[in-house]
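In the two assemblies presented below, chain A is common to both, partnered first by chain B and then by chain C.
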Partner chain A sequence: MSYDTVVVGAGLAGLTAALRLSERGQRVLVVARGVGATHLAPATVDVLGYLGDTQVASPAASVPVLISSSPNHPYAHVPAEQLETSLEWFCTKTAALGYAGNLDENLLLPTALGVPKPSALAPRSMSGGDLRAGGRFVFVGLKGFKDFHPTLIADNLNHARLPNPIEARALELVPPSSRRGDLSGRVIAGGFDTEDLIDWLAGALEDRVDPDERIGVPAVLGLRSGDATWQELEKRLQRKVFEVATLPPSVPGIRLSDVLSSALRTAGARIVLGVRAVGARAKGGRIEAVEVVNATGTVSYPVSSVVLASGGFASGGLELDSFGATRETVFGLPLIGLPNTDRVRFAPHYFDAQPLATAGVATDDQLRPVDASGSPVYENLHAAGAILGGATPWKEKSGTGTSVATGYAAAEAILTPAPTPVSEAVR
Partner chain B sequence: MATQNPSLSSLEADVLVIGGGSTGAGVARDAALRGFSTILVERRDLADGTTGRFHGLLHSGGRYAVKDPSAARECIAENRILRVTAADCVEDTGGLFVSTPWDDPEYGDQFLEGCRATGVPAEEIPVAEALRREPRVNPGIRRAFLVPDAALDPWKLVWGCARSAEEHGARILPYHRVLDLEVDGERVVGAHVRSERGGEEFRIHATVVINAAGAWAGQIAELAHCTVNVRAGMGLMIAMNHRLVHMCVNRCKRPADGDILLPLRTACVIGTTDVFVPDPDQTEIRQDDIDLLLDEGEKLVPGFRQARALHAWAGVRPLFEDTAKVAETRDVTRSHALLDHSSREGVAGFLTITGGKTTTFRLMAEAAVDAACEQLGGLRPCTTAQVPLAGSESHTLYQISHRLAAREPVPQSEEIICECELITRSGLEDTIKQRDTTSLDDIRRLLRLAMGPCQGGFCIYRAAGILHQGGQVDQAGANQTLLDFLEERWKGVHPILHGDQLRQARLDDWIFQGILDVEHLPV
Partner chain C sequence: MNSLIRDSLDHCVKCTICETYCPVSQVTPLFPGPKYIGPQAERYRGAGPPADSSVDYCSGCGICTQVCPHDVKIAEINSRARAKLWEKRGVPLRNQMIARPTVIGRLGTPVAPLANWALHNRAVRGLVQSVVGIHRDAPMPSFAGRTFQSRARRHRGPAGAPAVVYFHGCGTNYYEPLVGEMVVAVLEHNGFRVIVPPQDCCGLPLQSNGNFPAARTYVRRLVDRLVPHARAGLPIVSNSTSCGLMLKREAHEILGIEDDDLKLVSESMYDLCEFLLHLHDRGELRTDFMSLPMTVPYHAPCQQRGHGIGKPALDLLALVPDLHMIELDVDCCGIAGTYGLKKEKYEISMAVGERLFKEVTATGSDLAACDSETCRWQITHGTGVKSVHPIELLYRAYGLDRRTRAGSVSPELQTARVSG
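Here is the complex of A and B:
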């Protein structure tokens, strides 16, 4: 079977690129080692939350500032209109989760430590936690659920700097006996899918929450049924309810991954997990086939285009060995953001700027990885997501935004190649 | 636990012990068991100096059998005692000495002869048998010898001594720094101390002051205008994320750098190096030393550089030297030194016990308290070779599966807060209460919280939440201890960060900064 495009990586960037290509009629194969970091992260789309130490109120206004100070940033290769188009497209494709928000104003959503964190978009089951308007909040913990600490959340929010005053408190509920013990959020969410936990939760909350309080619960309201459960809870309680993302595995992240994966399969693409792309067969500056190792050996997939969305160090797209050498693990691409010394020395304080924080591949405006001279390594290889250098997404709060924008932009570059410059055509 | 500051402006005791490592805790316990009123002060947490930073080997004596026979004899004697009296701190892993392709196989004959002469049980086994027992060890080894080495948990050991001392009336005061010694004429009569947590200052009057400050003993002695020449020999250790070996594996050659790899609870540790440092508080880890340990590890266990290195740290050995300068610290004796400052400098009521090694801490304590007895009205017999430590009363040797076994009967009974080290919620809550601490780092040392592969990525948020919910700290305190923990952890993580552990560290960055946004916590 031959494919138009092979996408390496099944995280947010890979799924975005693959879905965009599939819906435009390409035959797409996604190969990945696992389900991708989408399962670990909150499902918010964080375009830009911080510029240095300054909290960003409007990503639309601040992304150009970021690009001018960090010309290697992945956003530098995504035109402003395309950033906006990509988010609109994303909201359409994930309509089942009802993403709210826009590029002009960041939401401020509470983290599981009670820190107000800026996000451009959030699923509607989470967006009700927006703290900007102030008001009264109650955070509800489930006794025995170790990954959510409502007292600390409430206390921290009462001390947080916010545009309008808020008043937060904590409440702890004792779940039914079937939902006690050493449980992960994923297991509790499974309970909302299969048991009548809504009755229990709505009943337990009814008399204990004031009419003007917004109710924050851990993001465990169901994997398949999450959005429906949330809607039902709001209806029954007649109050705003919102989920708060907590430690991995992330239930809203799994929902997002599932929605995109199933849209992708519906569009005719094939997703193969548990395999490893290990290189390319190339000729004349083009990748002709991608080499993939599966359980039986190495398979060679002939392709027209490739999207590399293998992630950064966290996902195995980049690797630092014990001798101090950093490499891109699939195609051995040239990297930027490496220290000038022959040996990496991390900075002695955790929150210092760390070497390798911005390591990754550099690209041209078609998101094609380039070498030191700025020329594409392969004419038909594009990169998206955390493999791109020039950003510190966990500090900037720009990870998911970058994945959606560059995944979409890489697909567009494949679908609509830029006209070849005259000089190159002559050469 | 008497970890709060005494509200009194002065305390009285027969014996004041300075230093809360294995030696100091051992001395305090020994003195308390002999019926002396005893107080121990330690400037930081117990076992936070040399003891908590050593590799964790309970020596059989094999390592010293050729070079230092008297040390070897002491080691095997203490090894046998600690297996009984400190059973809960000892895992009977056994030890293996191997001749790798880089080692002279004939040294094995000297080794066997040294062991025979010093009474260290050693038995040569076929190479195939050694490789059957330790499949990851270099298949190129040419000889292999079994010895009764074991793994020793330093924190359990020191806390076991401290609790045992408290049961016999002693007061144990971690986070209390000695500001000055009080000298009356030609006699040390006590110390002026400050609580490092509360800031209060007070005096402790004692008939005998025992300086058990290890590598810092010279600094303490100076306060009484006495001289103790202790050199700080820095040794580097690296913890790997699982047990590459199940026995303590030593190179069969003269002791050198990076020649021991031993299992310690769920991890294994390679050690060590030996570099003189002028200040025991300045232990910078050098890349060259890291590379040396990784290369030596590769010789013992091929593939070592691809295995996952969790954490690197340096400890300082107190190396006592009474004579001229010695260029190489490894040539300084590993036997301990007991100094009576009345005979040396004419200062009575003041003893220094230093040098030595954790394996022989009990013997050192015995010698120090014997000497103290002379100034306290006559010898009282030492019982520490017979009486078990707190926690070791059943004489059951620690096994790696203990925590799992305790949980297995009711697997879903409660939350596991730290999956790496199988720490339950009630276990954590009990420790917080018992220790009466608000520091996640203190809890780490007691429970091994966050010492596993994820280095606290998951458990530290949980533990901070539990600490706060229990009312031990307000939100600012919870935030601060979480941030302090991340900073403290990084010290050990960053020198060795590569491969899969960098992958883990980046996931932890995403958790703490991307998901929880700890950088913008209100503190």
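Here is the complex of A and C:
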């Protein structure tokens, strides 16, 4: 089968690029070793949370500052208005999850460890946890569910530096007898989809929460029914309820991946997991086919364009071998952000500035990976998401925002290529 | 043994992604899930068998391996642990039986009416459940009476045409010979001469029931039958997704067979729809399709997805005018080969399949399509909706069910109408 575009990677960046392309009529194939990091992240869209050590209140105001100080940052290659367009587009595509928020001000949501984290967008089932206004909060745990610790969250938040004072406490509920034991978030969420766990939860909370308390529950209110369950719960309790991220697996992350994947299927794209893109057949500076290893061996898919969204070190898009060499694992692209000496690869403390922190591919303004001279390696190869160098997403809190913005921008670059400047020779 | 499988456990980053997809651990507390039973437990397993038997509740569907972003061969690790478990305890008679479809097929075929009566008789099935351990309600196919092999022997294909080799598997041979005839008819319609070598089981059921030595014997024998054709450069096609995958990958990866003949055969193997789609890519597939105005839900079985070839059935059927296929978005039907037949696993397998059953029913169609035979039987069992191999839709779209081409198809097939 021939495809217009092959997207390598099924994380947020890959799914975003693939969906944008297929809804505009392209035949798209997504190939990936497995599902992406969506399943580990809390499904918020974090555009920019920190500039250095300063918390960012408005990503719209701070992204330009970031770009001027880090000209290699992926955002520097996303056309200014496209950051906003991409988020608006994202919200329409994920309407079933009802994303709330905007680029002008960050929400401040509690993480699974009770750290306030700035995010531009969050599913509306989570956005009620915004800590900025202060107030009283109760965090509800379930006995036997080891991936959510309400006391830890409440304690940490009571000690956190916040714009307005808050008062947080923990409450532990004992699940109904049919649901006791070693619980996983995925299984509880399945319970909300198929059974009347909501009756139990609403009943158990009714008398134990004060009228002025906001109720934080683990983000397990259903895989398919999450948003509906959340709405119903608020209605029944007549209180503000919000889901809080749990330790992985992340149910909101799975919901996001499911919504995007199913939109992709509807748009006619094909997703193949458990295979490995291993290289390209190229001619005259263009990729003619992507080579993929499946059950039989290597097959090649002829293409017009390629989006590389294979992730960073954590997802296997980048690899550091035991001799200190770093490589991009699919096409062997040139990398930036590598330390000069191969002896110092790690700083002694985990949270120190790590020498390899900004490693990744550099691109031009069409998100095409470039070589040291700044020219595109392949005319029709674009990159998106964590494979891009020049950023420290875990410090900046910019990972998911980068994925959506660059996934979208890569698709746009394919759909409407910038006019190629007429070269000297032709003139 | 192939230590690459075991070594892959070191790639596990405990991300829990496999846990969120395992269809079995979602419906039963008896199975702790792929991460625990796979990479985590394997680390502590010595040369001996696993300390507890929960690994036996892994259905071997392979979904965990497909979704793991770090190439951990979870299902394969489980499969080997299961084999060690049964090596120690001895494979129960029930598992020995259902793992040998050729033996059952040979016993049942000559006495098909009697065998079918027994297979579908409540009292007999009750007895079989208590004595043998096959659940009384588990979906059982009917013996066709005349095997596909015997039909194929009498069939004369077009001489001189380019040849393709057909590995039909036991399901087609004993239970669904008409599917085999449709495969032949569609390939011949596209100008091929179809070679049907004598063949036995590929050994997959033995492998999934933990009897690796016997599985190796079967797969070697099959490879011996197929390799001369592979050497002659002929493509081998199979309409059985699991058997095809066995030859493509599992015999090597799970059974650890390292030999050139197997390698050659596996490189020549194509899933039937994959093969037809390649023809289309080269502009060689006939597209004289008639209109089939119907809506049919399609389920890509786990084993089909294990091929890593996308969903060629959907790409092919998209060529048929007015045929609207609905791509179902559910991972597993629950049967997983012989898993759902076992009395202690039947309920689990039905619980796993529930979502798929609901989605099939929700389409309101009275026909579903799926590439794998056991999954088709399970879908029909769970929904009452007739399920066919995609080839049946192509066969019908080519109008082959109406065309009388004397001698090219058996009389039964000429009168067989695809329901829908």
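Everything below uses one rule, namely that the second predicted complex is superposed on the first by the 421 of 427 C-alpha atoms of A that agree within 3 Å, B and C clash if a C-alpha of one lies under 4 Å from a C-alpha of the other, contacts with A are read in each partner's own complex, and residues count from 1 in each chain.
Quick note on the criterion: contacts are C-beta pairs under 8 Å (C-beta built on N, C-alpha and C of every residue); 3 or more make two chains touch, one makes a residue touch a chain.
Model, not experiment: these values are computed from the prediction.
Novice: Counting only touches as set out at the top, which of chain B and chain C does A:R265 meet: first, second, both, neither?
Specialist: In the superposed model, A:R265 contacts chain C only, not chain B.
Novice: With the two complexes superposed on chain A, say which partner A:V303 touches: chain B (first), chain C (second), both, or neither.
Specialist: neither
Novice: Just to be sure I read the superposition right, which of the two partners does A:P42 touch: chain B = first, chain C = second, or both, or neither?
Specialist: A:P42 sits against chain B, while chain C stays out of touch.
Novice: Classify the contacts of A:G274 with the two partner chains as first (chain B alone), second (chain C alone), both, or neither.
Specialist: Once the two structures are laid over each other on A, A:G274 reaches chain C alone.
Novice: Who does A:A410 touch here: chain B (first), chain C (second), both, or neither?
Specialist: neither
Novice: If you stack the two complexes on chain A, which partner ends up touching A:S184: first (chain B), second (chain C), both, or neither?
Specialist: It touches chain C, and chain B stays clear.
Novice: Between chain B and chain C, whom does A:G144 touch in the aligned arrangement: first, second, both, or neither?
Specialist: first
Novice: If you stack the two complexes on chain A, which partner ends up touching A:A295: first (chain B), second (chain C), both, or neither?
Specialist: second
Novice: When the two structures are overlaid on chain A, which partner does A:I254 contact: first (chain B), second (chain C), both, or neither?
Specialist: It touches chain C, and chain B stays clear.
Novice: Overlap the chain B and chain C contact sets on chain A and report the shared residues.
Specialist: 37, 40, 181, 248, 314-316
Novice: Can you name the residues of chain B that touch chain A in the complex?
Specialist: 287, 294, 305-306, 309, 411-417, 425, 458, 461-462, 464-466, 468-469, 474-476, 478-479, 486-487, 489-491, 494-495, 497-499, 502-503, 506-507, 509-511, 513-522
Novice: Chain C touches which residues of chain A in the complex?
Specialist: Listed in rising order, the residues are 1-2, 29, 32-37, 39-40, 181, 184, 186-187, 190, 248-249, 254, 261-262, 265, 270, 272-276, 292-297, 299, 314-316.
Novice: Going by the contact rule set out above, which residues of chain A touch chain B in the complex?
Specialist: 37, 40-42, 55, 111-117, 144-149, 151-152, 155-156, 159-161, 180-183, 245-248, 250, 312-316, 319-324, 343-351, 356, 393-395, 397, 399
Novice: Please output the residues of chain C touching chain A within their complex, sorted ascending.
Specialist: It comes out as residues 13, 15-17, 19-21, 25-26, 29, 33, 65-71, 245, 248-249, 266-267, 269, 277, 281, 305-312, 315, 327, 329.
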